[in-house]
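Listed after this line are the structures, all set down as structure tokens.
In the two assemblies presented below, subunit A is common to both, partnered first by subunit B and then by subunit C.
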Partner chain A sequence: MFAYIIKRLLYAVPIALAVTLVAFLLVHIAPGDALNAIAPADAPAETIAALKAAYGLDRPLPVQYGLWLGRALQGDLGASIASGRSVTSEVMAAVGNTLSLAGVAAVIGVLAGCVLGGIAGYRHGGWVDRIATFISVIGVSVPHYWLGLVLTIVFSITLGWLPAMGAGPEGGWFLDGAHLPYIVLPALTMAVVPMGILTRTVRAVVVDILAQDFVQALRAKGLGNRRIFRHVAKNAAPTVLAVAGLQLGYLMGGSILIETVFAWPGTGFLLNTAIFQRDLPLLQGTLLVLCLFFVLLNLLVDIAQPFIDPRMRRT
Partner chain B sequence: MLSLRKRLLPWLALAPIALAASTGAWAETVARYGISMADIPLTTGQPDRGAGAYQFTGHTLYDPLIAWESNIGDRPGKLIAGLATEWKPDAKDPKKWLFTLRQGVKFHDGSAFDADAVIWNLEKVLNEKAPQFDAKQSAQVRPRIPSIASYRKVNATTVEITTKEPDALFPYQLPWFLIGSPAQWEKMGKDWNKVASQPSGTGPFKLDKLVPRERAELVRNADYWDKARVAKTDRIVLLPIPDAVTRGNALLNGQVDIIETPAPDMVPQLQAGGFKIVKNVTPHVWPYHFSTYPGSPWTDIRVRKAANLAVDRSAIVQLLNGLGQPAKGQVDATSPWFGKPSFDIKYDLKTAKALMAEAGYSPQKPLKAKVIIAQGGTGQMLSLPMNEFVQQSLAEVGIQVEFEVVELENLYLHWRSGAKGDINASKGITAINLGYVTADPFYGITRFVNSKYVAPNGVNWGGYADKEVDAKIEQLSTTFDVPTQNKLLADIHQKMVDDALMLWVVHDVNPHAISPKVKEFIQAQHWFQDLTTIRM
Partner chain C sequence: MSLALDAGSTPATLPAQRSRGYWSRVLRRLSRDPVTLACAAILLLILLAAVFAPLIAPADPFKGSMIKRLQPIGAEGFLLGTDELGRDMLTRLIYGGRQSLLMGVLPVVLAFGIGTTIGVIAGYVGGRVNMVIMRTLDVFYAFPSVLLAVAISGALGAGLNNCLLALTLVFVPQVTRVAESVTTQVRQLDYIEAARMSGAGPWMIVREQVLGNVLGPIFVYSTGLISVCMILASGLSFLGLGVKPPEPEWGLMLNTLRPAIFQNPLVAALPGAMIFITSICFNLLADGIRSAMDIRS
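Coming up: the complex of A and B.
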């Protein structure tokens, strides 16, 4: 197992490198100028040239990338061109906020998806199945931006129950009384996609498992539905875990739209700003950290799976 | 004898009243302000994020040598004394300006403001070799103070600034240049990033807290040198909310008390909810800037005039739910620089069609033109529908416009390159749509018509060159009397309009939506707003 973990961690290195290289090239291929982050639109040519020299943007692209990579390997992601603040501190603050949001959204999405999918699988072909499938299709298809606005209009403006935006006061635990109201609406909005995907996955897996011979055998042995459900759940768990892990990874990337609608200061919000300002160090740093998170989450899922399904240990 | 309980009872009954009274006396007044930016602008001295950012972290924390009068709303402001009490050109050499500095002013950190501080701040943005030089601040302000050639301290209360050539409009550049504390920079280990969270200026507010991308809290500077501008609210919390609908929702929900630029679609809902929409004449225009180089379809003045007459601007204002004002030129008709143009810009389809017919075009035989526009960010929230409206209006008179739609940052590249630049010429682009801030004579008028500033030397994008206009600009540079300056500027503007140099569509009105909790907010006719006027 230890060798497996090391091998997987080593795989993360080329993935992270590729992500940063692609991000670097995309920013340079895109029209516009990295100096738009700091130079006014009508800055004269000599100001632009002086700034390019000051930020090393006048050097050849491979040199720029190499220098950034050299610093990143030493744990220094540089400073944002726009704000001058450390990219590491900017990204970590945003990751903390997105982690809170993604965590709550994942819990809601996975729980709702498992329950709905499980019921639909057990009631395969019936009206309950159709309703659950309909909900899952809605979950996957509904535009986030629209849903966020509708939820805000209903719960913040009409009913006045929840705040319309922001992450709450500074400091404190994200689920304490002062912060909890702020996370409800963005988390619900964010949870609909994993909920939809999980519902469909769980439904398909449950239907498949229920049709297998061993379930018939269990029934023939006289096991009750509750004990059979335990076997079904155990068999479904690895697939559900793999899909849930992927979904959490996607959620960690933050949703630019959701974080914008709710002015949630997470990674999506940060990426949005970095992209529009062509703030290359911030963009690269954020993508690198998110990529590492994604790889780490998948690794954790892979490590957890053999503990849930002993058959995977043999393979 | 009364029992202790009975004796205490009257006093206990009074306790809640006393508590309420004391709470009232000590309660801090707080205004929560939803701003349209994605982050708090730079707090180190020279804000980034454009002219609109100066009201938040510029003129709140710092003062300029010469300020802009921003605490009045019923007329355009004017230049007023800031940290300099007097300024005048040297009688013998008009390139030299002498500034008499205000005495007794202290920075928020307690250090004294003097001539050394002014020189130190000039070095900070103009001298790359100075230890305090900050590339970020320099990039923001250098284009705003292009006339400065050199500077020197004359004595503790006098500074001399020399311009590259005689420039009577030089004082208009100085409200952009803000003075920070050298002592604070030393105290923060000469680290501008540390100064950002603990800045020190002489302004009417001090920065109490900065949480990047989330909030900045400004507290009243009770010792502010200008007693008439001591803030009326104890604390102003700036909250970046870039999405207009989210800002509106936050206001409706009571999370903020004031927002800038509400979404036009939300205006009726906000008004119905008891919120007030505040707007005013604002130095901003949203035009199509024509190329007048040979080969451009806009070289014919009849076509340019027809384009200006083809657009029903009141319909566009209606589309904006009233958050705009029909443009009759580069500046608003109430501006002292408007003049008396003979070409009256209005909606006159008949004349527009006649002009196009005279030029040899009609809807059946249209003139083709390519205009570069951005998908957003040009100063109007509904820029795409507005562009489509203009496109349809022009088609009605026989001008078939094709759009080249790019991202805003890319549009700036096209702008800086000028119509003749390869980036535009190779694609046949002959007009560009951008928002222009018209707050001062240089930014608003002369840089677009001065033949010295033909792109890439400046932003005279279309290559406009007129000897009469150039002569007036030359005359303006040595005219130090303000009424005569205004007259010259009016003449230049008049010529711009009569030549239909651009297709002027609407002026912004810098709308704000405010909660009934806000008792007073004076909106100046400028991008500089005075947050000290907010009273809760």
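Coming up: the complex of A and C.
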């Protein structure tokens, strides 16, 4: 098992490096000059050259990448071209807000998905199953940015129950009474997709397990439904964990749409600003942090597997 | 049946006959599935409306009227109301299907072609080639798909072509992975070995023996991606990274109508409803095709 964990850790290193390379190159394939955002179009050539030297843009690409990577490893992602502030501090503040939102959404989505999928799997083929399956199809088919607007129309504009914009006072989100109402609509909207995916997964896994011989044997032994459920849950856990664990990463990476709808001050909002102001260091930095987070999450899910699945410990 | 007869007559007849029987069985099963048929009919209707938009749309999609902005649904002369610039909503929803369907379907078709090619090569050749291709793809798997699409089209700049490119790049690794895994399975089967022993070259084996057996699963997987692609494509337009105004496209319309949710929420929600209907139909259609093609059930 230790060999497996070490192997998995070592395997994550080249992936993480490749991610930094893609994040770096992606903004360099962009047409136009990185300095367009700050230098006026008619600036004299010397000014442009001086600015390029100041931002290190006059060096060859591999050198720029090496320098950038070296500084990034020390936690320095450069300064935002548009605002001049440190990218690291901007991204870290935003990551906290996005993580809160995605975390709450993932918990809601995974719980709802497990319950719906579990019931559907147990009542396989019946009308409860059909309703649960239909809900899951809606979950994966609904454009969630539109669902966010619809929920805003119903609960904020028409009923006036919940706030429609922002994360509450002071710009950041914390778990307290003043901030709680602000997360309800965005988190519910975001939870719809993982709910749909988890319902599908859990249903398929439960149907599969219930058809196996050992369940028949447990029934024959005289175990009640509740005791059998424990066995089913244990067998379903590894697959469900693998799918559920990645959902948090998908939600964080995909939060840009929901954050735009609800004006949530997270990484998506930052990405939006960076793209439309052509703020390349900010774009690079945000992209890098989100992707490394996703790589880390993948790693954690894989490492957790042998702990909950004894069958994997033997290999 | 002797071996000489099979090999001597026309080599293509046997697989062709088998697959014709298979496809007619799939079609027969599909025709008995009311949900799938209904979804196909709705999609066909939206597609036909989009293709023949100039003939059936009641108004000009670009011509607005400042005094008739944000008319409610059912207003006189405007069946579904008007948008923030006074343009007829019904007309723009019909025209919007052109770009939205294009952006939802074309990237998946392209990814199907490219991903199948790379995946079959990786799976059939195996060894070091396989390792290089699959490890490269692992890098793309380290990006959540929405983030990758936003990053690529954000870096390239807004526009239909960049958007199509970004979406294709998002789906190629996924299709490739499926293509590689089915090809690797098929490659180890006895009939491939038999074909090789009878002197068939790699190109011949891939064309005659492999493709017929791997295209089905890859196709089923790809149809399931269309719904995701629709949502993602309209999402890019919604962010301002896709089609540019005043072009009618559902995601972009949803974006420009957003401030209107206070005055006229129903009209503002219409473009999103179109995305929803199309995407759920593609999803149910893909499910129907999957279970119809799964002959074991």
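Assume the second predicted complex is superposed on the first by the 286 of 315 C-alpha atoms of A that agree within 3 Å, B and C clash if a C-alpha of one lies under 4 Å from a C-alpha of the other, contacts with A are read in each partner's own complex, and residues count from 1 in each chain.
Rule of thumb we're sticking to: contacts are C-beta pairs under 8 Å (C-beta built on N, C-alpha and C of every residue); 3 or more make two chains touch, one makes a residue touch a chain.
All values derive from a computational prediction rather than experimental measurement.
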item	value
Fit or clash - subunit C, subunit B, common subunit A	clash
First (subunit B), second (subunit C), both or neither touched by A:Phe276	both
First, second, both or neither for A:Val140, with subunit B first and subunit C second	second
Partner chain in contact with A:Leu116 - subunit B first, subunit C second, else both or neither	neither
Contacts of A:Tyr250 with subunit B and subunit C, given as first, second, both or neither	second
Which of subunit B and subunit C A:Glu90 touches, first, second, both or neither	first
Partner chain(s) touched by A:Pro44 [first = subunit B, second = subunit C, both, neither]	first
Touching partner for A:Leu185 - first (subunit B), second (subunit C), both, neither	neither
First (subunit B), second (subunit C), both or neither touched by A:Val27	second
Touching partner for A:Thr152 - first (subunit B), second (subunit C), both, neither	both
Subunit C region in steric overlap with subunit B, selected from 42-50, 78-86, 186-194 or 276-284	78-86
Intersection of subunit A interface sets (partners subunit B, subunit C)	30-32, 149, 152-153, 157, 260, 272, 276
Partner subunit C, residues of subunit A touching it in the complex	14-16, 18-19, 22-23, 26-27, 29-32, 137-138, 140-147, 149-150, 152-153, 157-158, 249-250, 252-254, 256-257, 260, 271-272, 274-276, 283, 287, 290-291, 294-295, 298
Residue ranges of subunit B touching subunit A (in the complex, touch as defined)	38-39, 42, 48, 50, 128, 135-136, 138-140, 142-144, 146, 192-193, 196, 211-215, 239-243, 245-246, 249-250, 252-255, 406-407, 409-410, 412-413, 415-416, 456, 458-459
Touch list for subunit A against partner subunit B, complex	30-33, 35-36, 38-45, 47, 50-51, 54-55, 79, 82-86, 90, 93-94, 149, 152-153, 156-157, 160, 163-167, 170, 260-263, 265, 269-270, 272-273, 276, 278
Parts of subunit C lying in touch with subunit A, wherever the complex brings them together	135, 138-139, 142-148, 150-152, 154-157, 227-228, 231, 234-235, 238-241, 251, 254, 258, 261-262, 265, 268-269, 271-273, 275-276, 279-280, 282-284, 287
